[in-house]
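Both complexes shown next keep chain A, but they swap its partner, so chain B is in the first and chain C is in the second.
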Partner chain A sequence: MVEFGQFSLCIAWLLALAVVIGGGVVGSGARTTPARLESLRRGTILVALTLGTSLIALGYLFVTNDYTVQYVWQYSNRDMPWIYKITAIWGGMDGSMLLWCFLVAAFSACVALRSRVYPRAIVAWLFSFLSSSTLFFTTITLFLTNPFRYLKSPVVMPDGNGLNPLLQNEYMAIHPPMLYLGFTGLAVPYAFCMAALASGQMSNDWIRLTRRWTLIGWTFLTAGIVLGGHWAYLELGWGGFWAWDPVENASFLPWLSATAFLHSVMVQERKGMLKVWNIFLIVLTYALTVFGTFLTRSGIVQSVHAFASTDIGWTFLVYLSTIIIVALGLSIYRRTELKPERAIESFFSREAVFLLNNLVLLSICFAVLWGVMFPVFSEAVTGVKQTVGIPFFNAVNVPLFLALIFLMGVGPSIAWKRSSLPQLLRSFAVPFVSAFVVAVALVFAGVVEFYPVLAYSLSFFGLMTILGEVQRGLSAQKGITHAGTWSPANLTTLWRRQRVKYGAHVIHFGVLIMTVAITASMAHKIEREFTLAPGERFSVGRFSLELNEFHEEQLANYEAIQAHVTLRALTSETPLEVLVPEMRFYRKNKETTTEVALRMGQREDVYLVLAGVDETGTKASMKVFVNPFQVWLWYGAIIMVVGGIIVAIPVPRGAKVRDSVSDKVAQSV
Partner chain B sequence: MSFGIIASLILSLFAVWFVLSPLFEPPMPNFAASPSDGPLGPLLDAKERALRAIKDLEMDFSMGKLSQEDFDQSRRTLASEVAAILADIERHGGEG
Partner chain C sequence: MGKVFISLVVVFIVIGGALVYRATQSTSSLVLSPSEVLEKGSSRDLKRIRVGGRVVDPIQYQTEPQMILSFSVKNPAGGEGVVPVVYRGLKPDMFAAGRDVLIDGDYLGGTIQAAKLQTQCPSKYEPVVPGAAPAEGDKPTMAMN
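Here is the complex of A and B:
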């Protein structure tokens, strides 16, 4: 199976190379015959299939405990449950690179499968640029981080080292693949953009196609980031979900630039403006995904998530430079076609708000990037590595995020082209007054800190603008259908006709819920440390905790000490739940981890960590966090992902024909 | 010969056949042609954008985001823009 996996990888590499060169030759030639395009299309699909077989071969080696292979020996052992043997495929650098190769190739194959409906002028270049991403990652996997290398040992090892205990968590089955799907999905818009530039086919077609593929990548990335936050919340035991860790930031950076693109692309589709800006955003997004991979694998920054320091960082820098140079060269070559067709007419227009939104998103992006790279810069300049922590990121980004929430409320409610001031006042009067009332009510309720009050009231402002949009949409729908009265059919028709728009509102609604949850967890979190003997109690917030007993467990993979703690409301003796935080000692890895005990509630989470047991074994040191509205963060994220799916679903071709308003408008003018 | 080597050989033969066979098969249907592929491409794009702008304008107006005065003025401008583009397309031999 080792030979088969290795050989599949070789075939994938050769095919990817052939498609990169073939696509370039066919794309730049005068005749792009159907046979040549079909051959390239099949090549692109086959790269994914061969990488898939290679990945399956690696999985087989893990499941069958083949410790002749170095990677399998390093990241698994016989006692690990089979699910962790599967997740161990991406538990280390070599396997994660292979998974990456497969996913980028799989996205390329999906594009290839749909490519018959894409403009033929760009498809050859499209295959070439898609496969160039696969080629780069496959080159690294094949020549530098090959997971099929044999272990250099005179005897076959009876057992492996085992997976890092922190990664032995069910979220690791879904979080990394989801994040990688996001990263690799964003290679598709880049390929479309480069193909359009290379072929000179700069019409609206490519930008329309790119928007949908960006949405797909963005939705996966959103899910991946939030799942990572959930994993950190459950596994790392510090009571939070986001620590502005360099690797967390690395996934957040392309999310920010992709979000900016998803807004500015609408301006290009409608107005023919921001063409260069959109190319910049697409290239930046892809470059940031590569940069993120570089960060995790080069060892230049310290992180709980980072893979061990390796010497492949330079390859990413070379590839990153190539991406930027090619994009810059093609943009300069096509500069005539990239001239804007018109300018922004008024500051009070949706396009102006979208541009502002882009500037805020990129400011956040720059601030985060600066924070991530500061240790590297400081070491280069002063010789001392200095890091910036959570206070820096919060101080810079909180005001910017609040500005973004404000713009999120304003954007959809303002007209394209231009709006008059009286019209704006009429549109925003109710949301503004409601937000003001919320702010006053919060102050009277004892919430007096500036940022939380602003965050809550801006979230309410955003919610009111969304509701206002739906209400105005329904009113307009009544006018269109001439029914004059409201009925559920109005809502269905509105949803069908404006699905993308209302899908975006669903995403915005998710963001607002997350904003409230994040604000609550930042501003009103309670954190306490205490020591208890069995029978003793400790009070925190509106709860009391009583230590009942200790319990020891021996499992195949680890041994554990558990503390059984009864949670009660302060006002009652009735137990709400018995929380069981534990400390685990993984024998193979010789590592100790903490397993959090969590009581999730709509109002707050009670999060209990067993920090240690004293030498006599009679007292436990514990840490408790009461995190208000925490569960709403996950609800908000789910709503965002659902919104992303709603927007990304393609419009049925028949519906496009039926809804060809353009033709009616054309006749009327 | 091990299973791995036999499987690898079969896979490579399949890869060669799968990728190269279209080059030796009878002519096959072409990939989609975009209306914007031809010389009229930029004009057709401009037409589509202008019509969409009218559609957006009407939607914004029906949702109360524009005053009657702003709507009338913008619609007049956009309508004359569309008319000019359609005339241009007809002049270049296309169907408006």
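Here is the complex of A and C:
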């Protein structure tokens, strides 16, 4: 099976190389015949199939405990449940690179399957650029991080080292693949962009196609980032979900630039503006995914969960430079076709607000990048290595994010080209007054800190603008379809006809909910440490915690001490729940971890960690966090992902015509 | 390019740059190895430092009346000297002798007073030599101190 996996990998590499060269030759030739394009299409699909086969072969080696393979020995052992043997495939660098190869090839295959409807002139180049991405990662996997290497040992090892206990978690099954789907999905818009530039097909066709693929990658990346946060929240026991660690930032950077592109692309579609800007954002997004991979594989900056320092970092730098040089070269070559069709006329226009939104997102992107790379920059410039942490990221990003929330409310409700004062008043008077009332109410309720008050009131402002948009849409709808009368059918008709627009509102609504949840959990969190003997109680927030007993557990993989703690409301003797935080000792790895006990509630989470048991075995020390509105962060993220799916689903051809008519009516109101 | 576009870009470069500059000035920490802490801190206290080091025994974890973790760190790549560390808070998962940690805090009176302690880990878990024993952890018994 080792040879089979290795052979598949070699075949994939050769096929990818053939498609890269073939695509370039066909794309640059005078005749792109259907037969040639079909060969490239099949080649692209075959790359995905062979890489899939290689991945399955690696999975088979894990499941069958083949410890002759170094990677399997390193990341698995016999006691691990089978599900973790599968997830161990991406538990280390070699397997994660193979998964990356497969996913980028799978996305390329999906593009290939739909390629018959794409403009023929760009398809050959499209396959070439898509496969160049696959080729790069397959080259690294095959020659530098090959997971099929045999273990250099004189004897066959009876058992493996086992997966890190923190990675023996169900989130390991979904978080890394989701994140990788996001990263690799963003290779598609880059390939479309480069193909359009290389072929000279600079009409808006490619940008429309790119938008959908970007949304797919963006949605996966959003889900991956939030799942990572949820995993950290449940597993790491520090009561938080985001620590601005370089690895987290590596996933956040392309998300920011992709989000910027998803807004500015609308300006190009509608007005023919920001053409160079959009190319810059697409290339930046893809470059940031590669940079993130470099960051986590090079050991260039310190992180709590970076991969071990390896010598493959230079390959990413070479690839990164190539991406930038090729994009720059092609953009200069096509500069005459990239001239904007018109300029932004007014600050009070949707295109100006979208540009502002882009600038805020890129400012956040720059600040995060600066924060991540500051140790490298400071050492290079001053010779003294310095770093920044959570206070830096919060100090810069909180005001920028609040500006973004404000623009998120303004953007969808302001007119294209130019807005008059009466139009602005009609759209924003009610949201502004409502937000002001909320701010005053919060101050009277005792919330006096500046940023929380601003965050809550801006979120309310955003909510009111969304509701205002729906209300205006409904008014327009009943005007054209139901002769001025309102009926529930208006809402469904409006949704059906303007699904993309309202899908975007769903995403924005999710962001607003997340904003409120993040603000609440940052500003009003309660954190306490305490020690209890059985029968004793501790009060925190509106709850009391009573230690009942200790319990010892022996499982195949680990042994554990559990504390059984009854949670009650302070006002009642009725138990709400028995929380069972535990400490685990993994025998194979000789590692100790804590397992959090969590009671999720709509109003707050109670998050309990067992810190230790005293020498006599009669007292337990614990740490408790009460995190207000925490669950709404996850709800908000789910809403965002649902919104992303709604927008990404292709619009039926017939509906597009209706959409445009309906949209014009809505805009005119 | 339109005037609106250029004015907006310039305004944002100024605002973004000012925010980043101010935050960097007020929050940056010096990155030091344990041996550098001993060298630079021999004559004075060091405020706002980040130290990456390898945990060495003895480790003391007191949970009552306050959670206090006391240990020392040395250079991961080897070298002279160990620096004592005191961290008031919950012992992070997988904290053990031989494990690499990141410490943020101040070096006061010959001890790092850690405000933040993180164990470097998950994806870095890569024993290099076949059969090499992973770092020894603390087996949870009823006696945790």
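By our rule, the second predicted complex is superposed on the first by the 647 of 669 C-alpha atoms of A that agree within 3 Å, B and C clash if a C-alpha of one lies under 4 Å from a C-alpha of the other, contacts with A are read in each partner's own complex, and residues count from 1 in each chain.
Note that contacts are C-beta pairs under 8 Å (C-beta built on N, C-alpha and C of every residue); 3 or more make two chains touch, one makes a residue touch a chain.
Here the structure is a predicted model, which means the values were calculated and not measured.
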When chain B and chain C are modelled together on chain A, clash or fit: fit
Residue contacts on chain A - larger count, chain B or chain C: C
Chain B versus chain C as contact partner of A:F432, first or second or both or neither: neither
Touched partner set for A:F538, first chain B, second chain C, both or neither: neither
Which superposed partner A:P165 touches (first chain B, second chain C, both, neither): second
Which of chain B and chain C A:W495 touches, first, second, both or neither: neither
Touched partner set for A:R116, first chain B, second chain C, both or neither: first
First (chain B), second (chain C), both or neither touched by A:Y451: neither
Angle at chain A between chain B and chain C, C-alpha centres, nearest 10 degrees: 150
CA minimum distance (chain B, chain C), superposed complexes, angstrom: 19
Residues of chain A that lie at the interface with chain B and also at the interface with chain C: none
Chain C residues within the chain A interface of the complex: 1-5, 8-9, 12, 15-16, 19-20, 22-24, 26-32, 50, 52, 61, 63-67, 89-96, 102, 104, 116, 118-127, 130-131, 133-140, 142-145
Residues on chain A engaged by chain C in the complex (per definition of touch): 70, 73-74, 91-93, 151-153, 157, 161, 164-167, 235-238, 296, 302-308, 340, 343-347, 352, 355-356, 359-360, 362-363, 366-367, 370, 374-375, 378, 384-389, 391-392, 395-396, 399-400, 529, 531, 550, 559-561, 583-586, 589-594, 609, 611-617, 619, 621, 623
Complex contact set, residues of chain A against chain B: 1-4, 7-8, 11, 15, 18, 34-39, 42-43, 46, 50, 53, 115-121, 123, 201, 203-205, 269-272, 341, 413-420, 422-423, 426-427, 469, 472-473, 475-476, 479-480, 661-662, 665-666, 669
Touching residues on chain B, where the partner in the complex is chain A: 2-5, 7-8, 11-12, 15, 18-20, 22-23, 25, 27-34, 36-37, 41-42, 44-49, 51-57, 59-60, 62-67, 70, 74, 78-79, 82-83, 86, 96
